[in-house]
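So, here's a batch of structures to check.
Same chain, two partners: chain A is paired with chain B first, then with chain C.
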Partner chain A sequence: MTTDSTPLLEVEDISVRFGALLALNRVSLTIPRGEIAAIIGPNGAGKTTLLNCVSGFYHPYEGAIRFAGRDRTRLRPPEVAALGIARTFQNVALFRGMSVLDNIMTGRILRMRGSFLLDALWWGPARRQELEHRAFVERIIDFLEIQAIRKTSAGRLPYGLQKRVELARALAAEPQLLLLDEPMAGMNVEEKEDMCRFILDVNGEFGTTIALIEHDMGVVMDISDHVVVLDYGRKIADGPPEQVRKDEAVLDAYLGVAHD
Partner chain B sequence: MTDVLWGVFVGPFKDMAGSPTFLAEVLIGGVAAGLMYSLVALGFVLIFKASGVFNFAQGVMVLFAALTLVGLLERGVPVPVALVLTTVVMIGLAFGIERMVLRPLVNQPAIILFMATIGLNFFLEGFGETLWGSNVKRLDIGIPDESFMVAGILVNKLELTAALTAGVLVAILAVFFQRTRIGRALRAVADDHEAALSIGIPLKTIWVVVWSVAGIVAIVAGVMWGAKSGVQFSLSLVALKALPVLILGGFESVPGAIVGGLIIGVGEKVGEVYWGPLVGGAIENWFAYVLALAFLLVRPQGLFGEKIIERV
Partner chain C sequence: MSIADAALDTFPKRVRANAERLPRRIAIREKDLGIWQSYTWRDYFERSRRIALGLASLGLERGDKVAIVGDNRPELYWAVLATQALGGVPVPLYQDSSEKELAYIIDHAEARFAVAEDQEQVDKLLHLRTQVPRLECVVYDDPRGMRAYSEPGLLSLAELEERGDKFGLGQPAYFDEAVARGRGEDTAVICYTSGTTGTPKGAMLSYRNLVEMARIATEREGLGPDDEALAYLPMAWVGDHMLSYAQAIVAGFAINCPESAATVLADLKEIGPTYFFAPPRIWENLLTNVMIRIEDAAWPKRRLTQAFLRLAQDLERRRLNGQPLPWLPRLLAPLGQLLVYGPLRDNLGLRRIRIAYTAGEALGPDIFVFFRALGINVKQLYGMTEASVFVAAQKDGDVRLDTVGTPMPGVEIKISEAGEVLFRSPGVFQGYFKNPEATRQTVDEGWIHSGDAGFLDQAGHLKIIDRARDLGRLADGTMFAPKYLENKLKFSPYVKEAVTLGPDRPYVSALINIDLGAVGNWAERRGIAYTSYTDLSQKPEVYALIEQEVARVNRSLAEEDAVLRGAQIRRFLILHKELDPDDEEITRTRKVRRGYIAQKYATLIEALYGDRDRVAVEAQVTYEDGRTGTIRADVAIRDVSTR
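On to the complex of A and B.
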C-alpha cells in the first residue's frame, strides 16, 4: 500500500477556527519523502497553526491529514509522536531543569521497551537498553557539536544553543518527519549558518523529511526544495523557491499591498 | 551564665552518654516519627515532580483515605477487603481529578493548578465528612498500641509497624522513580507539558499513575497516623509537618523527603527530651519550622533540590 511514491505528508483542505477567527482556510499541501519544505508567510498567517494540526495539538474542523498514505487527522500528540513525527517549538520547549543529556534522552522514550521491574533493578536487558540508547544519543550530540554542554542544565544555556538541543531531542526519536517551528529565530548570522548546515545534514544523512517555518527569506530560498506561502489562513503560493520568489501574490503579501 | 552554657553544651551530652538505652529509645522514637513525616511528604513530592504543582489537598487526601477506611470497617467490612476497596476509591479519585481538574488546565501556569488543588481540598473535606460523618473515629487495624523490650530498649509495636511500613514503601517508590524511565518522563512532564506531549509522553496516563500512587501513599499515612491519634479533621494537619520536611529535602527529591523526615523526626525528639527542660519544653512543636526557616535563608532549594538559577 505504502510505496515510496506516496507522499509522506498530505494535508487536504483543512480549516481551523478560533472563535470568529478563521486561522486556516481550506489549506492543502503535500510533502514528498526526503524533501525540505518551508512554510512562510507574514505574522499571523497560520503557519504555526498548520504545524500544530500536523502534530496533533489542534484538530481541524474540516479536511484531512494523511501521513504515509493513512488518515491521521484526529490523533493526539503522543500518538503522532509514536508515528514518527517529531517537532520543535517556536518558543523553545525544553525541560529546563534537566541536563542537556537527559533532555535528549527523553527523545528516546518511545523507543524504550521492557518492564519497569527490570528497569528498577537496573539489571540485564534494562541496563543494556539504557546503554544502547545512551550510545545513540551520544552520536546525535557529536553530530550537532554540543559535546561541551552535555551536563549543563538546559535552562542555563543561551538561546541559540537551546534551539540546537531542542533539535537534538527531536532527532533522538529518529523521526520520519521533522517539524521545525522557526528554528533560526533570534539567532545571529553565525548560529543561523550552523543551523542551516545541521538541517541540510540531517536531511542528507538520515533522509529525514523536514517541514520548517522560517522568516529569513535568504535561508528559506537556500535550503528548501519547496516553499508554501500562507497569508490570512489561505495558501497563496506553492512551488520551488525560485518560482515562489517571483510570485505576484507573494510579493503583495510581503510588501503590504492592500487586500480588497 | 555558666549554668546556661552548661545546660546547652555539656549537660545534654552527659545525659546521653549516661544512659545509652534511653538515648536509643529516643532515637528510635525519632526515626519512627520521621518516617511518618516522610510518608506524607512523599505524597507531595510525587505530585510536584509530575506536574510541577504543589498539591494543597495532600493532607485532606490522607484524611479522606482514613475516613473511607474507617467508614468501611464500621460497616463490618473485613480489614483486607476494606483496604482493597479504599485503594480502589483512591485510584478512582485519581481518574476523577485527572478528568475534571488537570485535563481542562493543561498548559496553565502552576499557580492556577495550585488554586485548583485548594478547591479540591475543600471539596474532599466536605465530601468525606458528608459521606462518613465528622465525629472522631477510632481506627483499629489489629496492631496493639503497646510496647515490648528488645535488649533493654522499650519499643512501641504500633510505631515499629508504622516505621517499617513507611520505610518499605519509601524504598520501593524511591527505586521506582529514580531508576525507571518513568522517573525521567515524570520530570519531563513537570517541566513542560507541551514538549512532553510532543515527544510521545501520554500526559493523562502519567497523571493518573502519579495521583493514584499519591492516593495509596495517603492511605498508608492515614492508617498509620489514624491508628495513633484517631481519625478526625486534625489528621489533615499532618500535612503541615510535611512542609518543613519538603523545605529541608527539596520539593522534587524522593531521597530528600526521606532524609528530611528523619532529620526532623530525630531532631525534634532529641531536642525535646534533652534540651526541652532548658526552655520549658514544647520544642517538638516548633523545631521543624525553625529548622525550615533556617534552610530557607541558607539553602532555599533544600538538601537535594535543584539549584535555583534565574537568568536575567
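On to the complex of A and C.
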C-alpha cells in the first residue's frame, strides 16, 4: 500500500520518439502529493508530450511512469482517468453544443454506475445517483463562479470562460492529479488572475495535486511549488521557482535574458 | 398582533414576534448550489440571536457601529438584525466600493466590527485596517479561499455563532434583556449616501423612522406575508434596506437573494416576485434585453410583436393622459395579451407583479409607458435616504405619466419660493452622523430641503422637473432640463448613458455613451467589424445610428413640450469609453457626476461649442485592481437637425 510520503507521480527516464525526432529524452520528474508543479520550456521542448505520456495518450518506448507508487506506464487514457488523473487541453475541447452543466456532468461519467434500463426510466438508484452527481457538479459551479452560464451552450462562451468550464469538467472527476495544459493561454490579465486564484483554491481546498504547463513566467513563479524546465526533450532544471529563476542553463535556453 | 403594535418599536422585537406568529413562513430564500434554500422567520430569529451573542462575546457594546459589506445574503441581513438586537448600529456598505471609499466610511463611522461576505471583501478590510486601527474584528460568511488567513481578529461566521452558543449558555437572559432595552428613538442604521457631490454623508435613521414609514407604505399598498420580493439591490442603498429589511419584517413577506449579481435576471424569472423595486437602470436593462431579442427574431414574429407593442403603448399613453380609447385597439388588446404581452411578461419574470416601484433617478416616460403597456403595474416613487425612502408615490388607478404621484400618508409637501420641494414626515432622519453642518443645511425646522425643483399640480400630484441646481437656462434664456433630455435619449436601447450640456451656452449638446451589448449586436447583424468599445463607438455607422436617436428626441421635444422645445440637441459626440464609477464619473448608484465630467472632458465640451468635427482626447481609466491606464482616441462630433 502507499503512504502519504510516496510521491503521487514519478516519471523515470522516459523517452518518446516520433520518427526520427526524439521528443523526450530520458526525462525524470517527481511530483509529491499536494504540490503545484509547473513544466516550462520553449516551443517544441516536449511539455505536452510529457503530459500526454502521463495521461496515457502516448506510451514512452523506455522508462516508467508510477502513479501513487504503482507502475502505470502502459495504461490507456480511460484507465488513467479511472485512476484519478484528469486533464484540460491546450486547445479547448468541450462539447460545443451542450450546456455548461452537461459538459461538466460528463466529467462524472466514470463515477456513474447503472443499467441502461434504469437510466432510461430515471428510476430508483439511477435517479438518486443523478441527483448526487448533480449536487457535486453544483459545488464545482459555485467554486468556479460560473452560475450565470450554467445553461448556456459551451460553444457560445468567450474563450476565457470555456477554459474555466474545462477546468470544471476536469474537477468533476474528483482527480487526485490534475494536468493543465496551458490553462492561461490567450487570456487577458484579469482572466489570468482569476484562473491563478482558482488553481490555488483547487489545490488548497481539495488538496488536488496539479501539474501545469504554462508560458507566462510571472504566473509560473507565483503559483508553483516546483518548476521543471525542458529544452529539446531534455530536462535542464528542476527545483523551487527562486532557484530555477537563477539557473544559467534556463536563462540561456528559455528566458533569453542577458546575464553576465 | 397587528403591524401597528406600538410595543414592537424595533426590528429585533418585530422579528421575534414574526417568529412566534409566522414560525413556518418563509422569510428569506437564497439560491445556493443551484437550489433555492429557504429560511423561516424562526430561522431568521434564531440565527440572528446566535450571531448577536457571538458579537456580544467579542465585546460589542450598545452604540457600537458594525460595518456590513457584501452581496445580498441572508447571513448579512441576520448580521444587521443581530447588531440591532444588542443596541449596536449597522452600517451597510457598497460591496463594489474601492478600498479608499471603504476606509473613509469605516473610519468616519468609527466601526469596531465588520461582517463581510467573502474573501474579496475581507482582503479589502484587512488591508485598510492599517489606516483604520479602530476596526478590531472582521467576521466573514463564505470560508472559501480563507484557509491560509491567520490575522488576529478575523473569524468565520460559523466560529462566531459557536462562540455565541457558549456565551448564551453562560448568560441565558443576555439576549432578551438587550432586545428589551431597544427604543423606537434609537438609531437603527446609518446609510451613507453615495453623494453626487463631495464625500459621503451618513444619514442616521431611527427605528421609529423606518418602522413608521414601512408600516405606512405597507398599508397603502396592502402588502402581507404572501408577497415575494427580490433582494438584489446593494444592501447599502436605503431602498434595499427599506424593502428587503424594514418592510419585509413589518409586513412579514419573503425576500429572495439571487445566486450572484450576474444571475439576477434569471433568478427574477424563477421567483416571479409580486413586489419589485428597481432603479431606472434595471428597467432600462430589461427593455434593452427585450429589444435585442425582438430584433433577433424572424420577421413575422418581429412584425407582430412590434405592432402589438405599438398598439399597447398608444393605448396606455391615452389612458395615462385621460383621453378616450379608440375601439379598434381596445378590441385587439385581448389578442395582444394572449400573443405578446402575457408571454413577454412571463419571460421577464414580471408576471405576478402587483406593485413595482421605480426610484432613484426619474425613469424616462417612454420606458415607463412601455412596461405599463405590458400590464405591469410600474409606479413612480419619489424618495430620499433622509426621508426613510417614501415621500410620494403614485396610487393604483391614479398613475400619470409626468408626476411622481401624491404624498404618502403622513407626509406633508410644500414648495419653497425658489421652486424647491420641501417635505416633513415621520420618516425624517435624525441627522448626518458627525456632520451637524450638513444636517443644518438639509433640515430646517423639521422640513427637509430635497434639492429638487418641482411643483404640486391641481390634483395634488407632485411633479419633479430636475435637480434644483441642475435646472438651467441657455444663453438666450430658454429653459433647459438636462435630466429630462437624458432620459429621453436613454429610451433608445443603443444609448446607455447621456450627459447634456446647455446652461449659459448658445445651444444644447450631448455626450453619449453607447450600450455595448445593444450596439455590438446591431453591428454584428450588419457585418460591421470592431475591435473594442472605443473602436465601435467611433464607427461612422454607429454615429449615423445615434444621430437618428437624437433626431427622435428632438422631434418629441418639438411635439410635446411647449416649455422645453427650445432646448433641442444641436450637436453631439459619442464618448470613447464607458462612464464608470471606478473613474468617479458616475456614482455607485449610477448618477452622473456633472461637475466632474465637465472638468474631465473639458476639451470635448469646448469642441462641441466650436466648429471642428473631430477632437483628440485622452482619458484616465481605473482598472478593478486599482491600477490606472490611459485611453487615447480621436472622437468625432456630429450636428443634428432641429425643428
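The rule we apply is simple: the second predicted complex is superposed on the first by the 254 of 260 C-alpha atoms of A that agree within 3 Å, B and C clash if a C-alpha of one lies under 4 Å from a C-alpha of the other, contacts with A are read in each partner's own complex, and residues count from 1 in each chain.
Operating definition for what follows: contacts are C-beta pairs under 8 Å (C-beta built on N, C-alpha and C of every residue); 3 or more make two chains touch, one makes a residue touch a chain.
Computed from a prediction, not measured in an experiment: that's the story for all the values here.
A.B. asks: Identify whether chain B and chain C fit side by side or clash on chain A in the overlaid structures.
C.D. replies: Once chain A is superposed (C-alpha atoms), there is room for both chain B and chain C without a clash.
A.B. asks: Between chain B and chain C, whom does A:A135 touch in the aligned arrangement: first, second, both, or neither?
C.D. replies: After superposition on chain A, A:A135 lies in contact with chain C alone.
A.B. asks: Determine, under the contact definition given at the top, whether A:E205 touches first (chain B), second (chain C), both, or neither.
C.D. replies: A:E205 sits against chain C, while chain B stays out of touch.
A.B. asks: Quick one: is A:R150 in contact with chain B, with chain C, with both, or with neither? Answer first, second, both or neither.
C.D. replies: In the superposition, A:R150 touches chain C alone.
A.B. asks: If you count the residues of chain A that each partner touches, which comes out higher, chain B or chain C?
C.D. replies: Of chain B and chain C, more residues of chain A lie in contact with B.
A.B. asks: Could you tell me how near the closest CA atoms of chain B and chain C get once both structures are overlaid on the shared chain, in Å?
C.D. replies: 10
A.B. asks: Would you please give the residues of chain A that touch chain B in one complex and also touch chain C in the other complex?
C.D. replies: Common to the two interfaces on chain A: nothing.
A.B. asks: Which part of chain B faces chain A closely enough to touch in the complex?
C.D. replies: 175-176, 179-182, 184-185, 187-188, 190-192, 194-203, 252, 306, 309, 311
A.B. asks: Which part of chain A faces chain B closely enough to touch in the complex?
C.D. replies: 55, 57, 76-78, 81-82, 86-87, 89, 93-98, 102, 105-107, 109-110, 112, 116, 119-122, 153, 155-156, 169-170, 173
A.B. asks: Inside the complex, what are the residues of chain A that reach chain C?
C.D. replies: The touching residues are 134-135, 138-139, 141-143, 145, 147-148, 150, 190, 193, 197, 201, 204-205.
A.B. asks: Can you tell me which positions in chain C touch chain A when the two form their complex?
C.D. replies: Per the touch definition, chain C meets chain A at residues 32-35, 144-145, 147-148, 259-260, 262-263, 266, 623-625.
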